[in-house]
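In the two complexes below, chain A is the common chain; its partner is chain B in one and chain C in the other.
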Partner chain A sequence: MFENKTTGLLLVLPAAVFASVLFLLPVGILLSEGFAGSEGGFSLGAYVEFFSSELNNTVFWRSLRLGLWVMLTSAVIGYAAAFSIVQLSPKSRGRVFALIILPLMISPVARTYAWLVILGRTGLVNQVIVGLGLSEEGLQLLFTETAVFIGLLQLFLPLMIIALISSMENMPRDVVPAARVLGANWFSVFFRVILPLTREGLVVGGTLVFAGSITAYITPAILGGSKVLMLETLLYQRVTVANDYAAASVIAMILVVMSIVTNLLLKRLAKPRNRRA
Partner chain B sequence: MKPSSTATGTIIGLTLVFLIGPFIVIILAALTAGNNLAFPPDGLSLKWFIKVFTVESFRISFFISMFLAVFGTLTALIVGVPAAYAIARYDIPGAGAIQLAVSSPLIVPGIIVGLALLRYLVIPTGFTIMAALFLAHAALILPYAVRVVTSSLQNLRVDVEEAALILGCSRLGSFFRVVFPNIRGGILAAFILGFVTSFNQVPVSLFLSGPGVRTLPIDMLAYMETTYDPSVAALACLLAIMSVGIVFLAERFLGFSRYV
Partner chain C sequence: MKLGRYAAAAAIGALCAAPAMAADKTLTISVYAFAQDEFKELVYDPFEEICGCELVVETGNSVERMSKIEANKENPVIDMAVMSVHDALALSRKGLLQKIDTSKLSNYGDLFDIAKDPLGNGEAVGYTVYATSIVYRADKVDIQSWADLLDPELAGYVSLPDITTNQGPGTLWMIGKAIGDDDLSLEGPMKLVGEKADDIATFYLRSSQLAQLVQQEEVWAAPVGRFAWSRFRDNGLDMKWAEPEEGQFGDMNVMIMPAGIPAENAELALQFMDFWLSHDIQLALAEALIDSPVNDTVEVSAEAAEGLTVGADLINSLVFMDPGVILDNRDAWLETWNSTVVR
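For the complex of A and B:
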């Protein structure tokens, strides 16, 4: 630690100015625009108007609902996957872990595009459905909430698995066998042993997945189109189609508030872990 | 008493099929000899991979994305390394607020930043879209640069710097001759992380695009809306191979995951 505070400030100044001028200032103006009345002054008119539209309400609740569903599903799959991976020998655990994080390195556009091939009218899934005689022409799978859900799940599941693996690795090794020996079935092992001991990882993974899902753009844009709008695709549409900056500002505020809440939650949870380390 | 290895094996297998399977589908779909995006592919050929290189807009947007990723990351490092040094070594007043400002690009969703820059920087001041894109990408990478370099500075003992200073080295000299060689790995890791983040970035660039100025992922999205041929699949494969290759090499020679 060096004492000279001025030098320290001078070193950090460019970064702080860069971030404030480029980020905080324009974003702040954009957010404040939502509170401007039509004749100046403060007004909540934009918010009232935003939530009085049925489409906007649908999109708002759909984003929250899909976010929750993706979070819950990834938690269920994540626990099963993380628990199985932790049982592996260190060598194969490393390999599987590398495969789990591999998708995170790849462009989300590429990752989402694959689902067009799989879920399209003549795609893989429909070939199976038609082949089995379940439907004559195949089902409309693209541009449905289900398609967006599947895309988001594939995009964010790795985050949940990583978070759960790291908290399971910190779990004392013998607790699960001990509970089994003492006669607990897998159901109570999970709810009374594993869940309480990995709660931190669950919350970290859950918030990352939830925040990622509700602020996603690419997945709803490709797999939902204009039929299944989510908050960010609605924002894009309001601006490019209707020049409606008041609505854009309201959506921006919703997104920013959700991001901040998520980050505060994560920070809170990350703290005790750092103290222990 | 352990869970049966058949059960755990099946769970891992299914998870990997869900996560990795789509890539295999898209690779095979891109290798089709037919003219439609289909799986299973209609014969095998590399023609769509070759076609990607002949699409002019892809070529232009590839270079724009490359430029943004390389120079945006370099700019973020030039601004970010001194900040990381100050955060790791000095007791700065208001450190919390400064760290919050520097990490704000991580918190504010990119689409909002892009829109805000378009409305309040590009339109009123006549800034070019390209300049705004460049600044936005640099600012977006800044938090990664600061975080990765800060953590590698925190792993470097202060004693070595103090020793250099006592032996008569100047502050700047000790940074370049003692600190820098020791955090080179961290800086390279920050560069790679920044490069991949910027190159794959969509939301920030969404509003910041104009005639002739588009990043590659945005161009792909636009192409997809009008054309349903396998060239986007081929391009997606090439990009995936590039990202995975960079990260693999970085892990191999640098132990990349230590820094991230």
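For the complex of A and C:
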């Protein structure tokens, strides 16, 4: 595209400098603190100490579990929604797409506070539960893992749907009818036709949803509180209260590694299996 | 004659220049983000008119404020700050504060004794004091003791402050007193709260969050600072402020001056602190229900008193936790809390 390689490099230079100085360097310094020994030098002491705490282990597994659940659920709902949306006329598709994007324009704080009301003892969900006679009085839904799960799902589902719509729009429109005509059931159509052709969207959406879920602060803090600590809320606690930057660095590194590993696993899982070289 | 003209010209020049020179003076203060519109109207703007200086106001939480003072200790960028008394002690122990020349505070003699020297080394002066007790739904429960918070009648409808809040350790200390264990390791009350953790709706971080939970009937009782009482009193529910038999505990916010600030800024900082501690400003802040006064000459209206911590009798009856104890035990409390309560 460019006359020579230098032009391309020059054009990318400002962004590269910006990212290096304002992102990679500070993040590198932060992450390196987790490997610093108490008397200098390299040490894994902070990691050993972190994982020797029962609470930290609980928080780690809870964050991983909730991140995976949110990602899987958003993938299931996202595929159904995206598949329906791409069948619509371009005009209707645009309108529905705008509706999906709309929540992303509202502050996560406002969205999460709405859940605080909806999931409260006198909120909509409990009114339905009591109205149907499932319970005599309102249940405590807030400050539970379920509340955090619902909040995170609502927060990140649009990202999955957008990524899948983008992939499905590039999928040839006749492959699904062709598979059906050739006798494939819907299970086969999904796993052998749709999934391989939209794997890029799944990888992008899955990574965004998983990374977003495990690194979200506002939603777990408001809907879970300290009874449902997640890695991000634990990180905040370690820095602001205990001034423990080594533990904060360990948590930050865990979050980065979890996001990268999930991305790699998704790529591997979504890889077409029957392709012959 | 000629000399006289020069003198007159110089005098006129000096008069014209005076305001410009005064406006060159800048005082940088670091305060809580709370009620800044009211502070601007009641404190900052009137002070700027008096001192002919520019007031630069920085806001942020205690951690940010303390980090900034510590990071710039060689070349301070903040001339005066307000914070909790134990945060001030943390800075004092690191040698980051300077003694406050109280001889230059004309209102110093009018302060309650507890506000005069909260650190015991002359490096802080209290500017507001507040009680913490339990707000509760009088139509649902009756609170006579801090131990009532863990009564089965309140199971699922009680909220406690998180250990990381200013009210957290004090609440546990008072629960400990109620069960006959006031050891400052707080292990006894934490163990009890840990056993009842499923009955606690949540451990709140901010009084605004708690106010919403009470409003939507998620919580019936919770310990809270008096500064937030008006949020509950006027929520349309049958709310009461408890007077537990073990007493209410007190906390104080203080003014400090970082070590090493230029002498001119120190003078200005002292002038500002004296202004803030004066009868009129303390009264104005009290009537606006922002800060309870520490100036003994202030008499607030009955209406304002209902929302504040006022009166020598009440203030003298408050139980204060030694800031040194808070500082020395904070990390251990957090560890015990994490292992026995939130798990």
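Everything that follows uses one rule, which is that the second predicted complex is superposed on the first by the 227 of 277 C-alpha atoms of A that agree within 3 Å, B and C clash if a C-alpha of one lies under 4 Å from a C-alpha of the other, contacts with A are read in each partner's own complex, and residues count from 1 in each chain.
By definition in this document, contacts are C-beta pairs under 8 Å (C-beta built on N, C-alpha and C of every residue); 3 or more make two chains touch, one makes a residue touch a chain.
Just so you know, these numbers come straight off a predicted model, no measurement behind them.
For chain A, the partner with contacts to more residues, out of chain B and chain C, is B. In the overlay built on the shared chain, the residue A:R121 is in contact with chain C alone; chain B does not reach it. Looking at the shared chain after the overlay, A:K227 reaches chain C, while chain B stays out of its contact range. By the document's definition of touching, of the two partners only chain C reaches A:L142; chain B does not.
Contacts of A:P26 after superposition on the shared chain: chain B is touched, whereas chain C is not. In the superposed pair of complexes, A:I218 makes contact with chain B only, with no contact to chain C.
Applying the stated contact rule after C-alpha superposition, one finds that A:S52 touches neither chain B nor chain C. Contacts of A:S38 after superposition on the shared chain: neither chain B nor chain C is touched.
113, 116-117, 120, 122-123, 221-222, 239 are the residues of chain A that lie in the contact sets of both chain B and chain C, per the superposition on chain A.
On chain B, the positions that touch chain A within their shared complex are 1-3, 5, 7-9, 11-12, 15-16, 18-20, 22-23, 25-26, 29, 37-39, 79-80, 82-83, 85-87, 89-93, 98, 101-102, 104-109, 111-113, 115-117, 119-121, 135-136, 138-139, 142, 146, 158, 171, 196, 199-200, 202-203, 206-207, 217, 220-221, 224, 232-233, 236-237, 239-240, 243-244, 247. On the chain A side of its complex with chain C, the touching residues are 53-55, 58, 113, 116-117, 120-123, 140, 142-143, 221-222, 225-227, 229, 237, 239-243.
Contacts from chain C toward chain A in the complex involve residues 61, 63, 156, 162, 164, 197, 200-205, 209, 212-213, 216-218, 330-331, 334, 338-339, 342-343. Residues 1-5, 7-9, 11-12, 14-16, 18-20, 22-27, 29-30, 77, 80-81, 83-85, 87-88, 96, 99-100, 102-103, 105-111, 113-118, 120, 122-124, 154, 157-158, 161, 177, 180-181, 186, 215, 217-218, 221-222, 232, 235-236, 239, 245, 248, 252, 255-256, 259-260, 263 of chain A are the ones touching chain B in the complex.
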